[in-house]
Amino acid sequence: MIGERWINLAVPLALLAVPLYALMADEPFTITLATRATILALAAVGLNIALGIGGLVSLGHAVFFGLGGYAMGILAFHAQNYSPLEIGPLTFAGTKSMPVIWLVAVIVSAMAALLIGALSLRTSGVYFIMITLAFGQMFYYFAISWSAYGGEDGLSIYVRNGFPGLNTLVPIQFFAVCFVVLCLALALNAMLRASPFGLALNAARQVPQRVETVGLNPMRLKLMAFVISGAITGLAGALFADLNRFVSPSMFSWQLSGELIILIVIGGVGRLMGPVVGACLFVALEHWLGGLTDFWHVWLGVVLLGIVLFARGGVVGLLTGKAGPHV
Amino acid sequence: MSLVLIAEQVLNGLQFGVMLFLMAAGLTLIFGVMGLINLAHGSLYMVGAFAAAAVAGATGSFLLALVAALAAAALAGAIVEMVVIRRLYAAPHLDQVLATFALILIFSEGTRWVFGSFPLYLDIPDWLSGPVTLPGGIAYPLYRLALIGVGLAVAAGLWWLTARTRLGIQIRAGENDREMVAALGVDISRLYTLVFALGAGLAGLAGALVGAIQSVQVGMGEPVLILAFVVIVIGGIGSIKGAFIGALLVGLTDTLGGIFLPELFKLFMEPGAATQTGSALASMAIYILMSLVLVWRPSGLFGARA
Amino acid sequence: MSEPILATHALCKSFGALTATDDVSIDLRAGEIHAIIGPNGAGKSTLIAQICGALAPDAGTVELLGRDVTGLSTQARAQAGLARTFQISALAMEDTVLDNALLGALGAAGNPWRLWGRVSRDAALRDRAMAALDRVGLADHAGTRTADLSHGQRRQLEVAVALTLAPRAFVMDEPMAGLGAEGSRVMTGFLDGLRQEAPILLVEHDMDAVFALADRISVLVYGQVIATGTVDEIRADPAVRAAYLGEEA
Amino acid sequence: MKKTLLATAALILAAGAAMAEVKVGMITTLSGGGAGLGIDVRDGFMLAVKQSGRDDIDVVIEDDQQKPDIAVQLADKMIQSEKVDVLTGIIWSNLAMAVVPAAVAQGKFYLSPNAGPSALAGAGCHPNYFNVAWQNDNLHEAAGAYANTAGHKNTFILAPNYPAGQDALTGFKRFFKGDLAGEIYTQLGQTDYAAEIAQIRASGADSVFFFLPGGMGISFLKQYADSGVGLPVVGPAFSFDQGILQAVGDAALGVVNTSQWSKDIDNPTNKAFVETFQAEYGRLPSLYASQGFDTANLLISALDKAAPSDADAFRAALEAADFSSTRGAFRFGPNHHPIQTIYAREVIKEGDVFTNKIIGVALEDHADAYAAECKM
């Protein structure tokens, strides 16, 4: 058995090693794949705060992923067309600067998470799963019908947005940006777990009645977790849009919410590195199985079933020999 | 807008709702008795439709096709229950969501493997095709009337089953207390398989009935699945009565919203934009309805209080 | 006589046709242990739930330190100085013993919103948590996973979490439940000393403990208080003997 | 002398082009509900490659699962890792919008076998982008023109509420001269059209135009036939294509639809295509298969003249469109979209098989409405 601390160190190093190797072997597509895994991991790291620590099974996290994506899409769309963005009486200029886009993505998704969380947290269990799904569907259908920004067709951004001092069009440089963001999110996650808030949230998942009797409000703790979680997933959405230079309503789809949960469960619910391991495996599986057969979804399904039935605690759980937190 | 048209649209909403009920009843029954969230319920709907299309193609008989749909879906349900689902009853919701999501992948692509990528043919039998004229001069398709009839009959049948039969007593006892049922000497795992197969059979029947007027294709179960979940959540998970009321509510909201919302927006917007905005809002209407219901009653209309 | 710390006035609660709490008025005064006894199904748990705010009464009021708290949430009552222990241990089983105590300390500090800094390195919180663990004899187990504790140790941890709050009144739901003779003896000794810090409303089935500890006893039968008095008064009360102790009057 | 030298050089270049391996990346939908279309495009394309007898064309095929992000990822892979020269295969407009602008900006050629979003035909056109199928509006415009000739005066139109649906209604209205009895947008993926059919019945229309691709069209047609409304229906070929026609069955009989291709277009290329496709794959070819087939033949005709590495020459070779199309005459307009004849077809039953028969020409030598906005 391996200590979780070693995994926490080894996984990011491995994720870093793959594109570095690809750079030397001149396989730029592998770098793109690693970037995709990194961004999906970031989204799942966000979800894992709500899911793994807070116990909130959100089947609507695609909302935040999509909002982040559209924040990027809309700002860059106005910048590339040199048209102003008008919200009511206010007029903004579009932008192609990643830091500004990130800030907007984080703020917008945090606000959405606050609203959705405040309404959804009135329910629990299956109802919570379903009401978050309902919000996801609302955003999905809204985006499809919103023809000003492409509707179902989505929005294409022809050139990747810029980051001061970098050429983000070079795959390895964009990977580096995403990797650093992921590491920061992981550090935030680790810090959160050990903090007073993390302790209280962790207890709110396991014994909400206890948390109440020591004078704390478990709902508010969970809401805060939901907001932080949504904000990180939103940031991932903005990066994902930049990776593809494209946003579309499919970023809001319930299948995407489901995939984010899948990533976490494959890796290990509530584990710091669970989402990262899960995202890497998922992208690798997708790539490898997809090349093997047209019907690769069948085998993906079989692998997933195997993990749920026989590897509780996910891959990290298998490696450390410890079951994960109970959600 | 004439009264006749409104009456026809209400009938359409009812018919849609009644079909949703066939899906939702199984889903809510399975949740009520076993506490299981079954995302793969839509796959069983698809299995029913494909079985019906295959049998109708081979024999030309619509009734045989319906029987085949029921049987195939129930059988698929029973097998899935015994091989996979059985291991999930004690598992947290998260694992259930995931495992049944995996089953969707397997069912969908497996079906495509067997039947190919093109939609299958399944049509209304001659003796049910064409419109009939109802009182008030409404010309309404006979088949859709038949659907309403079948749906109501199934609803009545389910009520009778749960309220009046030995199996029903076991089901209701199972909802309340598993150990109690086991202590009464009922073979609990057989009961679960039976309930799962019953729910699956209903989904398969719905798939076949609807498949005759829609397209029998891979992935047809997923949109219906989401709607069925909306229905049971609105009605209160585990409640057959709730599923029935919820199904009608969703059916009517979806159908009437699609017609009246664009008209409503035309009162103060130019027609093109009104149609688009109205349609957009109509497609979100049932989800808005669902979140309103849940914010008002967090356990649905007829759900047990948490 | 001093002002009661905690009191209920004519509390009523029914579930459909079942009346679980019927016009219950009891009080808890400084320095005392007031035990509530009664047969199973007498409504003790329902009463506690209303006192602590988990359940809203149909009628009547709950007063804490002279203030009407009937409309307040559980957490507001906790902040006002009410600490509760659960009949079935409500502890974060996946976390360490210290973590559970830290949760109490965090509740006492009233601010769980700090997102940075290791909670276990916060001296103030840690000292408070360790002091409580020390008092119930769990200091050596601070690093143990709660799920690995024995049943008796979990009962002690329940009390320790309540202690971290430094409350004005305790409500304890069967703290002796499942403890052996030795465990009960230790817990009895501990509670005996605790009453000077804050009075205890004690729901308990262990009659030896109740008779050893209680300053006053209230007997709850079918949701009604049929008698309140000292140990001797209750022992002698014919109604209690009839209804509860099952003896002929 | 100089002239001869140049000609010789061109010959050598051409010969060199014929020798060098050409890599073609095909991104298309091979799994999920829309897989039928992608499979047809792929099969048609590969049939043409096979018939050309050339073994120097290396086609890399990948499944986009009908997801834009996957398509973009595959395009990156093909450009960065496979180093393809030409991309093709995308079925859906939204996927094309995600992939094409970036791919052509990186100097790759893209040949569209199906999707033709207006953005890529107008202001967003590009010298390296060629559409071998149609601009999205074309078949709808033809449907509008046909409705005029058929004498429809008051028609009811409907399409899903998404950009291609909005384009469809715009395209129809651009050519239709009669009145509109009603105009509705349905939900994307909607399966029940009872409410819309009731509105059609109540509207007093004399005809119906609809654009509902895939399963939506099957559902609509079955329900429409059963409703007994019975008004004449016009639509683009997408709902009457060989792949799904069998699933619609009798409900489609007699419906008129517009298409730039039909299996009974009378020319030797088409006859041979229909026969060999059937022999190779055991089913009748569809519209999509013909488009895949034409795309491959266009590519091969250009490869005979120049290598993609010589971008200008290769582009000129593509522009010439010097290949024999299943549609007969075929040429590109200034925005690299086809100028072609669009037919009106009627659904008939041949033995047990439902198929289409040409009943007339809807629009002759039709170009798209966006060509003027294209500056290249």
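Letters A, B, C and D name the chains as they come in the text, with residue numbers starting at 1 for each one.
One rule holds in what follows: contacts are C-beta pairs under 8 Å (C-beta built on N, C-alpha and C of every residue); 3 or more make two chains touch, one makes a residue touch a chain.
Predicted model only: the values in this text are computed from it and were never measured.
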### Message
Taking each chain's centre as the mean of its C-alpha atoms, which one ends up farthest from the centre of chain C?
### Response
D
### Query
When the C-alpha atoms of chain B and chain D are each averaged to a single point, how far apart are the two points in Å?
36
### Query
CA centre of chain B versus CA centre of chain C: separation in Å?
49
### Query
Distance from the CA centroid of chain A to that of chain C, rounded to the nearest Å?
43
### Summary
Between chain C and chain D, the Cα-mean centres are separated in Å by 75
### Summary
Residues in chain A with touches to at least two other chains are numbered 141, 144-145, 147, 295-297, 326
### Task
For chain D, write out the residues touching at least two other chains, lowest number first.
31, 161, 166, 187
### Query
When you check chain C against every other chain, which residues touch at least two of them?
none
### Task
Could you run through all the chain pairs that touch each other?
A-B, A-C, A-D, B-D
#### Entry: Residue numbers on chain D that touch chain A, as the complex places them
30-31, 62-63, 67-69, 72-73, 76-77, 80-82, 93-94, 97-98, 101-102, 105, 117, 161-164, 166, 187-188
### Message
For a test of understanding, state which residues of chain A touch chain D in their complex under the given definition.
### Response
27-30, 32-33, 36, 141, 144-145, 147, 150-154, 156, 158-159, 171, 240, 243-246, 248, 250-251, 290, 294-297
### Query
Residues of chain D touching chain B in their complex?
31-33, 35-36, 39, 161, 166, 183-187, 189, 191-192, 194-196, 198-199, 201-202, 214-216, 218-219, 222-223, 226-228, 243-244, 246-251
### Contact footprint of chain B on chain A as seen in their complex
51, 57, 59, 119-120, 122-127, 129-131, 133-135, 137-138, 141-142, 144-147, 254, 258, 261-262, 265, 269, 295-298, 300-302, 304-305, 308-309, 312, 326-327
#### Entry: chain A-touching residues of chain C, taken from the complex the two chains share
52-54, 73-76, 78-79, 83-84, 86, 90-95, 99-100, 102-104, 106-108, 110-120, 122, 125, 161, 164-165
